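Two complexes come next, and they have one chain in common, chain A, joined by chain B in the first and chain C in the second.
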Partner chain A sequence: MGQFLQFTINGLMSGAIYALIAVGLVSVFKATRVVNFAHGYLIMFGAYFYFTFAVLVPQMPFAPEWLQSWRPEWMLAMRADLPMFSPMAAVLDWMANLPRILLGLAGALVCNALLGLLIERALMRPLMGQSVFAMIMLTVGLISILSGAAQLIWTSDAEFVPALAPNTPIRFEMFGANIFLFGADLANMAIALLIFLGIVAMVRYTKSGVAIRATAEDQSTAYSMGISVPTVFSRAWVLASTTGAIAGAILATRNGISPALGLFGFSVLAIVLMGGLDSYLGVFIAAMAVGVLEALTQWKLGGEWAGIVPYVAVLIVILIRPHGLLGSKEIERI
Partner chain B sequence: MITGNLKTSYRADEQVLNNRWKRGFVLAAIAGLAAIPLFGNNYIVLIACQMGIMLIAVTGVNVVIGYTGLMSLGHAAFVAIGAYATVIFHNAAGGVIPESLLTLVAIPFAVVVSALAGIIVGLPSLRVKGLYLAVATLSANFIVIFLIEEQLFAPWTGGMNGINTPTANLLGWELSTRRELFWLIAVLAVLALLAAQNLFRTRVGRAFIAIRDRDYSAEILGISLYRYKLMSFAISAAYCGLAGALFAYFYARILPEQFDLHLSLMLVAAIIVGGMGRTMGAVYGVIIIVMVPEVIKVVFGALAGGGAELAMIRAPIQEIAFGALIVGFLLFEPFGINQIIDRALRALNRWPFARG
Partner chain C sequence: MRLNRRHFLAGSAAATATLGAPALLRAQPSEYVIASSLPLTGPFATAGQMVAPALRMFEALVNEDGGIGGVPIRVTAEDSGYVPANALANYQRALATEPNLIMYFGDSTGFMKLVAPELRGENARLMGSTSFASELSDPANNPYQYLPGPSYEDQFDILLQQIADEGGSTVAFIFSNTEFGRDPIAHGRARAEELGLRVVLEEATREQGADIPTHVTQLAQSGAEFCILQGYVTGVWPQLIGGARQFGLPTRFMGTFWGMENAIADRVTAEAGPILDGYAGVMPYKYFYDPERGPVYERYATFQKTAFAGTPLENYMPTWGLQALLSLTIGVEALRKVADKGLELSADNAAEALSELRDWDTGGFFGVPVTMEANKIGTGRVYQYSAETRLFTPTSDWFTV
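Entry: the complex of A and B
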């Protein structure tokens, strides 16, 4: 029972990150009717940008001392009195990294937003009004371009990147079982969930969110009602690439940076289809379910089986409910 | 100037190659292929073999994507199944069936196994289409590769480390060199192409095209979607299984990672570059997809002269070029090279009159 709880909680934590990645895919699909097969590679770029701004830039000769490691007097004084492995020490270690974490996040957000804009403007917009097949295949071609470009730009081996939150171990008891968590994982989950909720709220309540929903409903009607559909497109892409940047930064701190990060996007694609392409709630449920199932598979069958859980799950769900758990059924005219 | 495709008998109208230009082209192509192993050097034979294997697989992908309009991103799985079925069959039936007949049985076996796998993977196509199908086939690809890599089946598949492949043997003629194997590959590739061309003048092929153009209308016309969609998957998987069997004979060792997503994307890219839903599209696409990395390799070799630094950026450049091909063709020439060649031939035909 204790193990079961532990793995379920681990699963929920990775499920939250799946949800964060999925939100980008859903937003782009809602606005443009295109599913971005290269989303995993956008995440990879986010991770590499975070690595660049949080690790490489502070090491450069022109970077000030405090960027690399911020240690004011009061912090050193506090640090000196603390025993080893105390939670406070972990928080202080994190604070020392805070400037470069913030720089890394800001850099990743800005660069990835520009990348998303570039892709939308240069590649997707010329295909506006053409068949969806062409647009989707274009994102498939983008997979190779992005993965090759990442190998060209970042040839150095990926190093350790600073975690987004203090990495204190947390132990507590729940239903008589000992649960062991890392603070950074918990914070990542909180960040992911907050952003997810924020985007859902934005799509529901703000003006630009309404524009996205209107475009999703009917592109040409939205156009004739005075909504600038191209702007909606680029907004959706920026939204996807910025959430991808944060997800990339989180994944970089969890699993390290490697070109394999791009493959992560495919499992999220499976999750998105499982939840229903245009339903935030369905995708959220699917992400959490797959996260938990993966963790439980890892526990019972071993790590390598966990990798195919999303794919098996999506096949089963699609066969029973062709439009995913909560996706809306497409109505076709002949 | 050809002014029309005039026929005097039904028989002439029903032929696969329905005018003398097509017949001449096919005969010339066969003569050209025969010249490769007789006069070409080892490098040319190697590239030609690779192209032949790819061509069979791409023709299969063309059946399902180009003609039936079902999007599949998982056809590498069928190539993998064909390759592994061949190797496993050789290992299992090695003592039972005489060596000289083994290849002749193993290839049809691989084709049938792949076709059956195609029917299973095609099952989602009855419920979903378009994007959902693309992801379902993509998932199937991941799952097949995973099963091949899985420890449980390692005694048969060799697991992650791959498995050594047998040599093809046609009635005692051992195809131990690539030059000899080229004959087998070339004959099968030409037959596969002609069979594909033939398919689309039959009831089945026309049903595929009807499904591609509008599936509901096809159903109203009395075409059973259930039957023909599965048949399309089975036929294309059979082609890919044949390619897989040749793949196994061609390489000394096969590894599961040779059949991952990258191969699936390559097959789809070839069909996009060449031209979807056209028999020759597969040919042009394969030539480009195989040649572009080679050209980059040659150019880099000439530039670097073996420099390690340039060699390191070669692989990413090849990958970028591959993606750029897909993107460029989708943006600027969505019907592929076939369209360019059609335009050129039309201009030539009408010269010196109106072009275009």
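Entry: the complex of A and C
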């Protein structure tokens, strides 16, 4: 039972990150009816922007020393007597990096928002009124552009970035088993869930959210009711880019950074199809289910199966419910 | 002058030689081509993009030395994205478009296994690669493929022997779920049993973006004293070690060739602290910073200083680049032996010449003369990383398996 709990929690932690990635896909689809195949690459750009502002900028000659490593006297004194990998040492090491982590996050949010806006204005908006299929194909083309551009700007070097939260180990015993958790992963899960819930609340309770939902229902009617549909499009892309920036930063802290991060978006695409392309709740359930299934499969069947079993489950759900768990059923009358 | 039989024969021979010379000259091509597939994109792009300039350097230096039999070489590289089918397509395209293709450099274990049955008759070429897959050291079935070092199985044997010598009793294998990762696992399991070691965990992970908490949990619960990591290049292995250190696991980590790059260990140390301190593994070659690096490394260093100024390769050649350089050097060495004998540079002749590389001084790659045995050079030594010096330094002498 303890083992089951351990792997379920691990799965939920991965699931929360999947949900954060998926929220961008759903937002763009809800507003524009476009499945953004390039979302994984937007996330990759978010990760690289985080790397730029958290690692490269603090190393530049003009950057103040405290930006690279903030270690006031009291911190040095506290750190001096601590063993290398003690929980308090992990917290202090993280605090030393805090200025550049905050700069990294701020830089990633702003730059990715601008990138999302640029894509929407320069590439998607001119296609408004054309077939949605053309816009989807454009996102496929965008994959090559973003992937190539990232390699040109940052090269393909594998890089490492500071964690968003202190990676203190958390250990406790439950049902006779030792449970191991990483502080940074719990914090990542909390960040992902808070952002996810914030977006769902925004879509449900704010004026902008109502505009997104109205546009999702019927663009022409939304227009005629005075909603600026192009603005809704822009907001959706900015929302996807900023959530993608946070997701990218989290993924970079977990796995390091390289152009291969872009591929992550494809596995999340399957999760979004399982949950329903236009349902935040459905996608959340699917993300958590896939995260837990992956972890449990890894535990019981090994890594050879961990990449297969959850996606077989996705396939079965789609076969039974082609519009996903909670997605809207589209009925076409001929 | 009267034309007798002797004059007639001498005259005929001279005429034949004069008329035949242009045909012979025509048979000598203006260049030989060595083609390659590299993972310039995809999960191992970091390695591929660092190897690509090394190939350019190789071409320049071989041509400085007169090419092969006086004919210059041209080295080409195409992206495979680390997809074996793409690399196979690249090879087939090279066969179709390069009439003077004499050798190929593959980029993965998957590709080398995929292409092996194709290497027959006209389609066969001498073939080195990035792989140390055990299956490739099989001249009876794969005469044209060779390894520029000990196979992954050999590397596992060395590490397991070291664990046994240090009195260890339990070991975990964590590997990427790829051909590259899985290659030595079954052999390692059997070898561990022979040595009286208990394999308490065999854990397959994604080659990129692995679920680190889950794998570290598995490792913690297995209680392994030692853990051998296999099938990674730039990612996963540092995060796994970092996770284990955060939890205070006493497990000692070891790796094989592709997880032993100093540049990666340095980047990890810079961002995550001294988590890799004590990490050890098998490395067939001297690192580029070795104080006794030998004439070939010195020559590379001189070339790099000017040709790669302003890039990370200006003062350093990663082990990935050294591996490719040695692999190609072996091929060219064999082909030169064929050319010296005046034979055709066919795959069969080149494969035969491979076995003539005995007690060969590589000029610095290895600290001892090496021999190509069963299409592999089974020489290497164990290195250990120190977070303080930020270097891998040898902890064993050179040995041959």
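Couple of notes before you dig in:
Heads up, the rule we're going with is that the second predicted complex is superposed on the first by the 322 of 334 C-alpha atoms of A that agree within 3 Å, B and C clash if a C-alpha of one lies under 4 Å from a C-alpha of the other, contacts with A are read in each partner's own complex, and residues count from 1 in each chain.
The rule is short, and it goes like this: contacts are C-beta pairs under 8 Å (C-beta built on N, C-alpha and C of every residue); 3 or more make two chains touch, one makes a residue touch a chain.
Please read all numbers here as calculations on a predicted model, not as lab measurements.
Overlaying the two complexes via chain A brings chain B and chain C into a clash.
Of the two partner chains placed by superposition, only chain C is touched by A:Phe264; chain B is not. Of the two partner chains placed around the shared chain by superposition, chain C is the only one that A:Phe7 touches, whereas chain B remains out of contact. Once the two complexes are laid over each other on the shared chain, residue contacts for A:Thr297 go to neither chain B nor chain C. Once chain A of one complex is fitted onto chain A of the other, the partner contacts of A:Leu251 are limited to chain C, with no touch recorded for chain B.
Contacts of A:Thr242 after superposition on the shared chain: neither chain B nor chain C is touched. By the touch criterion defined above, A:Asn112 lies against neither chain B nor chain C after alignment on the C-alpha atoms of chain A.
Of the two partner chains, neither chain B nor chain C is touched by A:Thr215. Contact with both chain B and chain C is seen for A:Gln151 once the two complexes are overlaid on the shared chain. In the superposition on chain A, A:Arg171 makes contact with chain C only, while chain B stays out of contact range. Taken together, the two complexes place residues 147, 151, 155, 263, 304, 307 of chain A in contact with chain B and also with chain C. Residues 71, 73, 123-124, 127-128, 130-132, 134-136, 138-140, 142-143, 146, 149-150, 214, 216-217, 261, 265, 268-269, 272, 312-313, 315-320, 322-327, 330-331, 334 of chain B touch chain A in their complex. Here chain C touches chain A in the complex through residues 40-43, 45-46, 48-49, 177, 202-206, 208-218, 220-221, 233-236, 238-239, 242-243, 245-248, 264, 267-268, 270-274, 312, going by the rule given at the top.
Contact residues on chain A toward chain B in their complex (touch as defined above): 35, 123, 126-127, 130, 132-134, 136-138, 140-149, 151-152, 155, 263, 266, 269-270, 273, 277, 304, 307-308, 310-312, 314-315, 318-319, 322-323, 332, 334. Residues of chain A that touch chain C in their complex: 3, 6-7, 10-11, 13-14, 55, 84-85, 90, 93, 147, 151, 155-162, 167-169, 171, 177-178, 180-182, 185, 251, 254-256, 258-261, 263-264, 294-295, 298-299, 302-304, 306-307.
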